[in-house]
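Here come two complexes built around chain A, the first alongside chain B, the second alongside chain C.
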Partner chain A sequence: MGLRLSGISKRFGDYQALDTVDLEVRTGELLALLGPSGSGKTTLLRIMAGLEQPDTGSLQLHGEEALGLKPRERGVGFVFQHYALFRHMTVLDNVAFGLKVRPRGERLPNAEIRRRVEELLRLVQLAPFADRYPAQLSGGQRQRVALARALAIEPKVLLLDEPFGALDAKVRKELRRWLRGLHDEMHITSVFVTHDQEEALELADRVVVMSQGRIEQVGTPAEVYDNPASTFVYEFLGQVNRLDCVVDGGIAALAGGALRVATGDPVQGPAVAFIRPHDVTLSPDPEGPGNVLGVVTVGPQARIEVGLAGQILEAEMPRDRLAQIGLRLGHRCAVQIERVRAFPRV
Partner chain B sequence: MPGEAHASRSTLVEPLWLRAALIVAALAFLGLFLLLPLTVVFVEALKRGVGAYWNALQEPDALSAIKLTLMTAGIAVPLNLLFGVCASWCIAKFDFHGKHLLITLIDLPFSVSPVISGMVYVLLFGLNGLLGPWLREHDVQIIFALPGLVLATIFVTFPFVARELIPLMQEQGTEEEEAAIVLGASGWQTFWRVTLPNIKWGLLYGVLLCNARAMGEFGAVSVVSGHIRGETNTMPLHVEILYNEYNFVAAFAVASVLALLALVTLAAKTVLEWRFGHELAATRRGG
Partner chain C sequence: MSAVSLAEPVPLHRGGTVLMRPTIIPGFRLTLGITVTYLSVIVLLPLAALAVKAAGLGFGGLWTALATERVLSAFKVSFGLSLVGAAVNAVAGLLVAWVLVRYRFPGKRIIDAFVDLPFALPTAVAGIALTALYAPNGWVGALLKDWFGMKVAFTPLGIAIALTFIGLPFVVRTVEPVLQDLPPEEEEAAACLGASRWQTFRHVILPALMPALLTGFALAFARGVGEYGSVIFIAGNMPGVTEIAPLLIVIKLEQYDFAGAAAVGMLMLLVSFAMLLVLNLLQAWMRRRHAR
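Here is the complex of A and B:
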């Protein structure tokens, strides 16, 4: 077992940053803490690192109680959102820092430190930049220095705060792929914080979705995307339609009864139906309940806005399929829905 | 486009006559109010020749004043360096109640007249002061002695280091320190290896300003000194005494040494800025 947090709460003044959070991080996994800003994900990460103390709760690191331990006794690597590189040190000295500050008895000989740092710089593909200062590096390079510096102390757990947040889209994608490769190679237990659902779903073994200081759902990317546990998770992960409906005996009646879809949810009465755009199938039908209000064809997928009894439903289908069925603006259409999740109306 | 760049530059540049007028005005102001008085100090000091100048400085009272000034600054400046770093560290890196009060307190010496700060020390430590009887019993003399001079100087020059460091440290934030701590550094190592290198130029600048003021301080020191010639007179006080005795050559000779010390400070600052300007900018800009 890697990390176990139970009953963690933290307040900043009047603001409840974390509210009795329980979480287990498995050894060797890459876990994403996903949520909007203010959801408490960074606070949770900082508590794991020992940079913040929770008001209540306990934290176990590899089976040992760790809340009483200082950050440096926990053996964690931390990569800061803005890297926090030592600006007056070269790349080499930055990466060597964690090895050089060890007590004399545990410190490696200088030559050995140098060898290890150079090895790490090769790993993050920055060997030619060893003598540069952080200000002379690009964002992606600084990020990799920060990672090498965190790895230098051979942490048992690697914690990353918005590791790609400050990078532009192209670099972000490259670095993401590279980090995944690195993790697959080293299998170091890793937790990263992100507000970007695509990043979390693509990169992580498991995703923890957080909102307002609570965990909404924990699961593999496929689990949280396909079976969101709450309306929040539904809306936070990917595009979704919300339509009012009435559920009776496992059948959701949408658009005033014009559409009936089976739902497995234990809801009865007025409810909100959550429908992913790609779970909607449209076909031309002069008698159909739908009315095509808009068509956007950019990229391989076409997005079609359909008016349905006064509400708007967004559907998605491949562009060539749309061309095939010949559905255009102003046409009426039949609507078929593959999957509906109904949640009680609040 | 070179043509465009040229055109846009010329729209930003003032006409020649205006530039010339501004430069002349600035130079005239500097010359009249800074350079001229400074020259007068040296001219007056050397009026009776180098021999008289040299003799005036060899005078035991003058030597003692120079020594006392250097000693006072030598004690007050390192202490203020220490206090300044501590105070700015607290203010910039931690959140606590009463932070604004502390910032206001640091500014107090700037807003209070130095004479009043000197008086306060007399009221506290003087013979009839609050702590006077106790001090006399234990045979400790503060007022009319070196400790009083040092205390008054510390008070007056306290804000220089802290004022220089607080904005710098606030801007730099705490992330680098946190990074150091997670990487295994102790608090002490973090300070010496991360915090101090990041503030060293600002610190040096603050110390230079602090030193210049410490050596030149008149008001507060004047109140606590007692003006005992050869014993508790610092250079600024000694200059005044000599001047009041119409001993102009001696007065200006001592004044010239004081001015020289200020010039050396200024030169040191300029050299630092010139030599380490890019590094200074880098620590401010961040990595």
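Here is the complex of A and C:
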């Protein structure tokens, strides 16, 4: 067992940052806390580290009650969004810090500390930079120093707060892949916070989607993407169309009845249909209900805006497929929908 | 491990001397010219006059004017006690800055304003107030005398107190902004890595504050060396014991020994300059170690 949080609540003045959150982090997994800013994900992470105290609730770290423990007693590695490296120390000293501040009895001999630090620097591919100061490194390198520093104390749990948030897109992607590889090697129980759904889905074993201080859904990336538990999760994870519909006996009637799609949801009457753009198939048809209002191409993908009985539906398909079927602006088209999730209209 | 290499090299900043860099104020020559002229008129000219006056004595004359018991001990008192005052301020000023930056409490603005008072008060007023307070019949002086048999006014201790009083704002006001900018994450990172509060302070906070602390120390020290008004009342001015160098200059002036006064002034200038230079070099070295 890794971490177990139950009934965690936290208020900052009038603002409810966390509202009775229950969560279990399994040993050895890489868990993502995903949500928009203000959803409470960072607060939850800081509570795990002991940098913040919850108002109510309990936290167990490997089966032991941990709320009474100070951050330094928890054996938790923390990586900050803006690295928080010690500016006046070299890379080597930064990574060695956690080993050097140990009480005299538990302290390793200096030679052993140096050996371990050098090994860690090789692991994060920064061995040649040992004598540099943080100001002399790029953002990606600094974040890897921060990671090595956190790993040096051999933490039971590694916590990362938006670890790639301050990096540019390319470095971010490389570092993400590299971190996944590192986790696969070391299997250290890890929790990372992100507001980037792509990052969460690509990197994590399980994703926790949060909103307004509550957990909306917990599941594998495939589960939360394919079967969102709420409209919030649906909209937060990837592009989605919202169309008004009426459900009767498991059949959703869209666009005033022009389109009928089976839905497995136990909803009856007026509802909102959630449709992913890539679940929409278009084909040219002069008699079809759709009307192509716009075409935008992004790299190899094409996004097509279709007018459907006064509502707008976005479809997505590969660009060459679009060229093949010859669908253009102003054409009428037939619309086919693979999957629909219907939620009651509020 | 992934196949992507992450070890992209970043060039070290190792610039040579750059004479001109684009700035928002136009005219390098013009601004440099004004700077040099201004410094010459305001700083260099009076100092040069001082040097010329002192040089009038000749080497032998300088030696006889300066190499006396009285001059040497006055220098020891002035520089030694200024160092003591600056050192006390470095510790206490850091504490005051810490409290003002890190805590919120009622009356904080007022305390903040108190810090600047030693700047604003005429130094003679401060000197008289301190003397009245610490004299053997003053409020604090009487208590110290009764309880510990300690004498403060008219001793070197009294001088140190006066110099501490006037130097406090320097340390507080130089450390405060740096402390404000210190990211709390560095302390949190240290805590997560297992550092105790003392270790965090000693190894993370203090090194970051050190350049500012040193600046404050240097300013407080320089102010203490030149201080006259607040010290002469509390010092007692016993030659060889509590006589400060600036007072010696005044005494020489009153005796119409202008060249002798200039000689003492010149020596003070040289010693101060040397010490400030050392402090500046130390600071430059520290800044270079973690330049942003």
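Assume the second predicted complex is superposed on the first by the 345 of 346 C-alpha atoms of A that agree within 3 Å, B and C clash if a C-alpha of one lies under 4 Å from a C-alpha of the other, contacts with A are read in each partner's own complex, and residues count from 1 in each chain.
Definition applied: contacts are C-beta pairs under 8 Å (C-beta built on N, C-alpha and C of every residue); 3 or more make two chains touch, one makes a residue touch a chain.
Quick caveat, the model's predicted, so the values are computed rather than measured.
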{"item": "Joint occupancy of chain A by chain B and chain C, clash or fit", "value": "clash"}
{"item": "Partner with the higher number of touched chain A residues, chain C or chain B", "value": "C"}
{"item": "Partner chain in contact with A:Pro128 - chain B first, chain C second, else both or neither", "value": "second"}
{"item": "Contacts of A:Arg142 with chain B and chain C, given as first, second, both or neither", "value": "first"}
{"item": "Partner chain in contact with A:Trp178 - chain B first, chain C second, else both or neither", "value": "second"}
{"item": "Contacts of A:His88 with chain B and chain C, given as first, second, both or neither", "value": "both"}
{"item": "Touched partner set for A:Tyr225, first chain B, second chain C, both or neither", "value": "neither"}
{"item": "Common ground on chain A, meaning residues reached by chain C in one complex and by chain B in the other", "value": "49-51, 70-72, 76-78, 80, 82, 84-89, 97-98, 101-102, 133-135, 149-150, 152-153"}
{"item": "Residues of chain A defined as touching chain B within the complex", "value": "49-51, 70-72, 76-78, 80, 82-89, 97-98, 101-102, 133-135, 142, 149-150, 152-153"}
{"item": "Contact footprint of chain C on chain A as seen in their complex", "value": "49-51, 70-72, 74, 76-78, 80, 82, 84-89, 97-98, 101-102, 125-126, 128, 132-138, 140-141, 144, 146, 149-150, 152-153, 174-175, 177-178, 180-182, 185"}
{"item": "Contacting residues of chain B [partner chain A, same complex]", "value": "175-176, 178-186, 189, 193-194, 197-198, 279, 282-283, 285-287"}
{"item": "Contact set on chain C toward chain A in their complex", "value": "1-2, 4-8, 10, 12-13, 183, 185-186, 188-196, 199, 203-204, 207-208, 286, 289-292"}
